[in-house]
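Read through the structure below, which is laid out as C-alpha cells, and then see the notes.
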Amino acid sequence: MIRVRYALMVALFAPLLWQGVIWLTDVPAFILPSPWRVAQAAWINRALITQHSLVTATEVAAGLAVGAILGTVTAVLLALSARAHRMVMPLLVFTQSLPVFALAPILTLWFGYGLASKVVIAVLIIYFPVTSAFYDGLTRVPADILDMAKTMGATKFQTMRRIKIPHALPSLGTGLKLAAVYAPIGAVIGEWVGASQGLGYLMLLANGRAKTDLMFASLLALAIMTLVLHLAVGRASARLQRPEQP
Amino acid sequence: MIRVRYALMVALFAPLLWQGVIWLTDVPAFILPSPWRVAQAAWINRALITQHSLVTATEVAAGLAVGAILGTVTAVLLALSARAHRMVMPLLVFTQSLPVFALAPILTLWFGYGLASKVVIAVLIIYFPVTSAFYDGLTRVPADILDMAKTMGATKFQTMRRIKIPHALPSLGTGLKLAAVYAPIGAVIGEWVGASQGLGYLMLLANGRAKTDLMFASLLALAIMTLVLHLAVGRASARLQRPEQP
Amino acid sequence: MTSPPNDRRVTPPVIRLRGSYRIGAEILFGPVDITLGAGQWTCILGRSGVGKSTLLRVIAGLDCAGDFDGSLHVSDAVTLAGRVSLMAQSDLLLPWLTVLENTVLGAQLRGEQPDIGRAQRLLARIGLRDHTHKKPGALSGGMRQRTALARTLMEDRPVALLDEPFSALDASTRADMQELAAEMLQGKTVLLVTHDPAEAVRLGHRIIVLKPRGVQHWPTPVSKPVRDQYAPQTIACQADLLAHLRGTG
Amino acid sequence: MTSPPNDRRVTPPVIRLRGSYRIGAEILFGPVDITLGAGQWTCILGRSGVGKSTLLRVIAGLDCAGDFDGSLHVSDAVTLAGRVSLMAQSDLLLPWLTVLENTVLGAQLRGEQPDIGRAQRLLARIGLRDHTHKKPGALSGGMRQRTALARTLMEDRPVALLDEPFSALDASTRADMQELAAEMLQGKTVLLVTHDPAEAVRLGHRIIVLKPRGVQHWPTPVSKPVRDQYAPQTIACQADLLAHLRGTG
Amino acid sequence: QDKITVLLDWFVNPDHGPVIIAREQGFFAEQNLEVEVIAPADPSSPPKMVAAGQADLAISYQPQLHLQIHEGLPLQRVGTLIATPLNCLLVLAEGPVQSPADLKGRKVGFSVGGIEEAMLGQILATHGLELADIEMVNVNWSMSPALMSGQVDAVIGAFRNFELTQMEIEGRPGRCFYVEEEGLPPYDELIYVANKNTMDADKIRRFLAATEKATQFIINHPVESWEVFAGTAPELNDALNKRAWTLTLPRFALRPTAMDVGRYARFEAFLYDAGLIPTLNPVSEIAIDVTAQ
C-alpha cells in the first residue's frame, strides 16, 4: 500500500528535520535532545513507556467515545431549535474559554484522581470542536431540500434524521478528526492535574528530574498515539461519508 | 435587537446556574467561589483586570491574525498537491499532538519572554483547526465542477482561487470560529510559560496565593473576551459566505 | 373505517389564485386570476423567467424571493397545508439515499411505514426496476427526473404541482410517463408547468399561458385528456399554441 | 500574427469514435462507430439512460463510471485536449459568481483576460441583459440553462459538446437559442444530445440514434441546417423520427 | 551600566524580597547593574534557560540542581537566597494525621518536582514506614485545595511560609512537619544558579552584594521594606503576602555568597543513597564561592 510508503518516508523525514533544526539553531540537548538520544531513551525505558502509554490510551479512548457522542447529541439538539442555539451556544463558548487548569480543582473534587477526571477533561476538550463543526454542517442543508421536506409534511425529528444528519456527516468528520488530535492532549492535561500514572505523569516526572530525553521519548509515544488515532478516525469518517455528498 | 435580549438572558442565567451548582454540590469557596464574591473581586480589581486584559487582548488579536493566515495558506498549499498532503499532514498532526507546555522551553529560547512567544503559542494552537477544517472544505468540491474546469483548461492555481476557495469558505468559517475560542487559551498558556502581565499571569498569581475569587474574576474577563471574539468571527465568517453555497 | 366522501385529505379541491407577484418594487407577473379545477389538469406555459415556478411555490405555500399580493382561495378549507405534493424543477434527490429510499422519502419523513411494495411497482413502471438500489450519482439525468417523479407520485395527495416533470426525457419515455402520471393523478387537482405545447394539449383540461401582464386562457380541444396526439384536432390546437408562443412570446 | 489555416486550436477536426462502453461486466452501449464531421452538427438521440451523456464524456476525455473499449480518432492530432467546450446536462453554475462572472469563467480559470464586452453582448442576445449581476440562486431554471449556454459559447473552441442544452426552455426562447448556437458554432464540430426530434431535424447535419446494441444513422433532409421547421420535408422527417423513437424505443 | 537578566523560580512573591528590594532601593544601580527580572510559571524552566545562555542567573532549588548537573546541565550554585528548607509535609491541624507515622494507608499529594518520593521515603523511614504503605497522588496545581477539601490526607512540597498561612486565612488551619526535623539533611531551598562555562563572576558578585545589602535592609526595617515590596505591584498587596513576608524574613540568607561545602556534600550523598543519581559529584562541581575568584 502507498500509505505505508508515505508513513516510512515521514518516519525517516521527521527525525532528519528535527536533527536539522538542532544543527541550525544550536539548541542545547537539555532543551531539545537529538532524535538519536530520544530513541535510545525510548528503547531503554520501553517497558515504562508502554505501561504509561496503556493508561493514557485507555483514557483517550474513553474520552473520545464519550466526547464524540456528547458533542454529536448536543449539535443535533441545538440544530433542532434556533432558540436553544442562541441561548446555549454562548454558554458553551463561555465554558470552553475557561482553561482546564482553572477547573482542575473542581474536576478532581467531583471526579477524583482516577480515570474519571482524565476522561472528563478529554471530553471537555473535544466536545466543542465536535459540536461546533457538526452543528455548522447541520444548519447548511440547502433551502430547497428543506422546502421539499416541509411540503411532504416531515416531522422535525425525521427531517433531522433523514436529511440534516446525513448531509452533515462530512462536517462531523472534520470535527472528529480534530477531536482525535485533541483527545490525547486532554488526557495528558488531566494527568498533569492529578495522577500517578500515564504519559502526562511520566513527562512531568522526567521534566522534574531534568531527564529531557525521557520526556521527549514520552512525547514521541504520545505523538504516535495521536497519529494512529487521527488516521483511524480519518478513515472511519471517510467511510461514514462514502455515499457521495452534495 | 433580539441578540441583546438573549445576551441579557444568558448573563442572568449563567450566574444562577453557577450558584445552583454551588448549592447542589457544596463546593467550598476556595475551590469555586460564589458569583457574588467573584463579582465583588472583579469590581475591586477592575483597574488591574482591565490592564491585564488589554495585554492578553493584544496577544490574542495578533495570534488570531497570524494563525488564521498561516492556517489558510497551509490548507491551500496542501490542497494543491495530494502528495504534499500525505507527507505534511502526518507531520502537522505530529507537532499538534505535542502539548505546548513541553515545547515551552524551546519556544522561549527562540522567542524570548515578550509578546512574540505568546503569539507563537496562540498561533500553534489555532493553526491546526483552521488548516484542518479549511482543507476538508477545499477537497470537497463536487467532481463534475472540477471536470468542467479541466475541460476549460483551467490552471491549478486558478481552479484553487475561483472554485475551491470560494466553495470552502463555510468550512473556513467553522475553523475560524474554533480558532476564536482557542486563541485566548493559547495566549493564556503563553503567559503561564513566562510573563509578567496578562490575564494568564494574573490567574496563576491569584491561584498560587489562594485568591480564588480574583482568579475567577480573571477567568470571567477571559471568557467574556472569548465570547465577544467568537461572536465577531461568527458574523464575519457569515458575511464571508453570503453568496449562497452549494 | 372508510373516509367520508369529502374528507379533506383525499377530495381534490378547487384552487383559485388572484393577485400579482412583486420582487422588490417590480411586478414579476400579474394581476392574474387562475382557477385550478377540482380533479382537473391545468397546464401552464410561458416564457422562461416569467414566474411559473414562483407561482407553484406560492400555491405550495413556500417562501419566495418576492411577495404575493392577493388571495389564494381553496374550495373546501382555508389552507392547502398537508394536501400538496410538489415536484420541483430540479430533482432534489438526496445523494446518500438509493432510488428506492428516495422514492419513499415522504413517508419516512412523516415517520410513517413506507409502502415498499407500491414503490417497487411504481419504479418498475417508471423503468427503473434494475436501478432501485443505485444512488442518484450513478443515474442519468432522465433517470434522476423519473426518480423524482416516482417520489412525487408516491405522495398520493389531492393536489399535485409538477414543474416541468418530463423535460429531461426522450420522446418515448416521456409519452409513457405522461400516461403514467395521468393515470395515477386521475381525479386530483393538478398543476403542470411545461414548455412543450404538445404535452399541454395532450394532458390539460385547461391551458394557461402566463405572461408578465396577466394570463391568457387557451382553448383546449373538446375531447378529454389524455388526448390522442395524432388526432387532427389535437395537432391543430398544438400548432396554434406553438405559433402563438413563438409569435408573441 | 495570424494563425495558419490549419492551426489545431481553431480548425475543427473530424472525430471518429469506435468501440463499446462497459460498466463493470455489462455492456452499456456498443459497438458503435460514430463520425462527427468537421464543422458539422451531429445530433444524438436515444432512450434515457442509454449512455448519451457518457458518450459525450468519453469524447471530452473525462473519467466515467465504466470503461470505453475502443478508439477515439481525431483527424488532425492525437488528442482533443484543450480544444473542446462541454455543456453538461446540469448547469454547473458556481453559486457565488454572478451571471456575468459565470459566463467568463473559462477565461478566468485559464488566467486569461476575459472579454467582458463580448460576454455582455452574448448575455444580451441570450435574453439576460437585465440579469447579468444576479447570482444563480436568483435565476429561473431556464435562465440558469441559458447562462450555462453562454458560458459554453464564450469558450469558442473548435469542438463543442452540448448535452441537452435547451431542455429547460420554452418554445420561443428555445428557437432563438438554437439559432444563436447555430450561428456562433458555425463551422465547428458540434455534438448535440437532444430529446427533441424537431430540434435534431432542424439543426443536424447528421442524426444518430444511440441504442444499446449500436447506432442507427437517420437520414436528414437534403436542405442545409438551420432548416425551416415549417418546410414539408422537415416536418415529414421529424414525424418519421418521432414515430421511430416512440415505436422502437 | 552592565545588564544582567535574572529568572525568578515563579511569580513574584515574598521569597524574592531581596531581589525586589535591591531593585526598588537602587542597590543594583549602586553596583552599576541594570537588572531585568522575569517571572516564569514553570519552575523547571529557568535553570534550563540559564544553561542555554538565555539569562545570567536563575533562582532555583538546591535538590533540583544536584539532579540537573548529573543530566549534563552546565550549572553551578553561585549564591543562596533562602538558607533553610521551606518544603514541609502539610496536614490538617485537626485531621487524623498527627504524626507522619499516621500516614499508613493514606493518600499523600505532591507536585511533581522529581525528588518528592525520595523525600517522603526518608520521612517515612524515620517513622518506620515505607513508600509502599501510602498512596502518592500528583496534585500539581492545587496543593492546599486538595488537602483542605479532603481529597488527600497530606501534601509534600508545600511551602511553610505560604500554604500554612493560606490555610489559616481560609479557616482550615494546617500543620507542618518540617522535613529537616524528620530525617532529611538540611539544604538551601532557594539558590542562585549560573552557567558555569559562561558566567561573569564579577557581575554576579556585584549582584549578590546588592541583594546582601537588601537583605540587611529588610531585617533592619521589616515594616518599611514590606511597604516598598507591596508598592511594586497592586496584586502583591494583600493579607497573605503581608503575613508571608514576616514569616519569610528569618529565612533569608544573610550571607548570600557564603559557601557551606558540607551541606552540598550531604545532600548529594542523600540523593545517591536514594538512587536518584548514579555517581557522587565533588562539591566543587555543584557550588562555588564567587567571592573567592
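A, B, C, D and E are the chain letters, set down in written order, and residue numbers restart from 1 in every chain.
Basically, contacts are C-beta pairs under 8 Å (C-beta built on N, C-alpha and C of every residue); 3 or more make two chains touch, one makes a residue touch a chain.
Chain-to-protein mapping (UniProt): A, B = Putative hydroxymethylpyrimidine transport system permease protein; C, D = Putative hydroxymethylpyrimidine transport system ATP-binding protein.
What you are looking at is a predicted structure, and each value in this text was computed from that prediction instead of being measured.
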item	value
Chain hops separating chain C from chain A, counting only touching neighbours	1
Given chain B and chain C, the chains that contact each of them	A, D
Longest centre-to-centre distance from chain D, chain (CA-based)	E
Interface ranked first by C-beta contact pairs	A-B
Centre-of-Cα separation between chain E and chain D, whole angstrom	84
Distance between chain centroids, defined by C-alpha means - chain C, chain D (Å)	28
Computed distance of Cα centres, chain B from chain A, in Å	16
Intercentroid distance (Cα basis), chain D paired with chain A, Å	50
Residue numbers of chain B (touch at least two other chains)	31, 101, 105, 109, 192, 200, 207, 245-246
For chain C, residues contacting two or more additional chains	90
Two or more partner chains touched - positions in chain E	48, 52, 141-142, 145, 149
Chain-chain contacts as defined at top	A-B, A-C, A-E, B-D, B-E, C-D
Interfacial residue positions of chain D with respect to chain C in the complex	45-49, 51-53, 65, 89-90, 127, 138-143, 146, 163-164, 167-175, 195-197, 242, 245-246, 249
In the complex with chain A, residue positions of chain C that touch it	57, 60, 62-63, 82, 84-86, 88, 90, 92, 94-97, 105-106, 108-111, 135, 137, 155
Interfacial residue positions of chain A with respect to chain B in the complex	2-3, 6-7, 9-10, 13-14, 17, 25, 27, 31-32, 86-87, 90-91, 93-94, 96-99, 101-102, 105-106, 109-110, 128-129, 132-133, 136, 140, 142, 170-171, 173-174, 177-178, 181, 184-185, 188-189, 192, 200, 203, 207, 215-216, 219, 222-223, 225-227, 230, 245-246
Complex contact set, residues of chain B against chain D	144-145, 147-155, 157-159, 162-163, 166-167, 169, 243-246
Residue ranges of chain A in contact with chain E within the complex	27-31, 101, 104-105, 108-109, 112-113, 191-196, 201, 204-205, 207-212
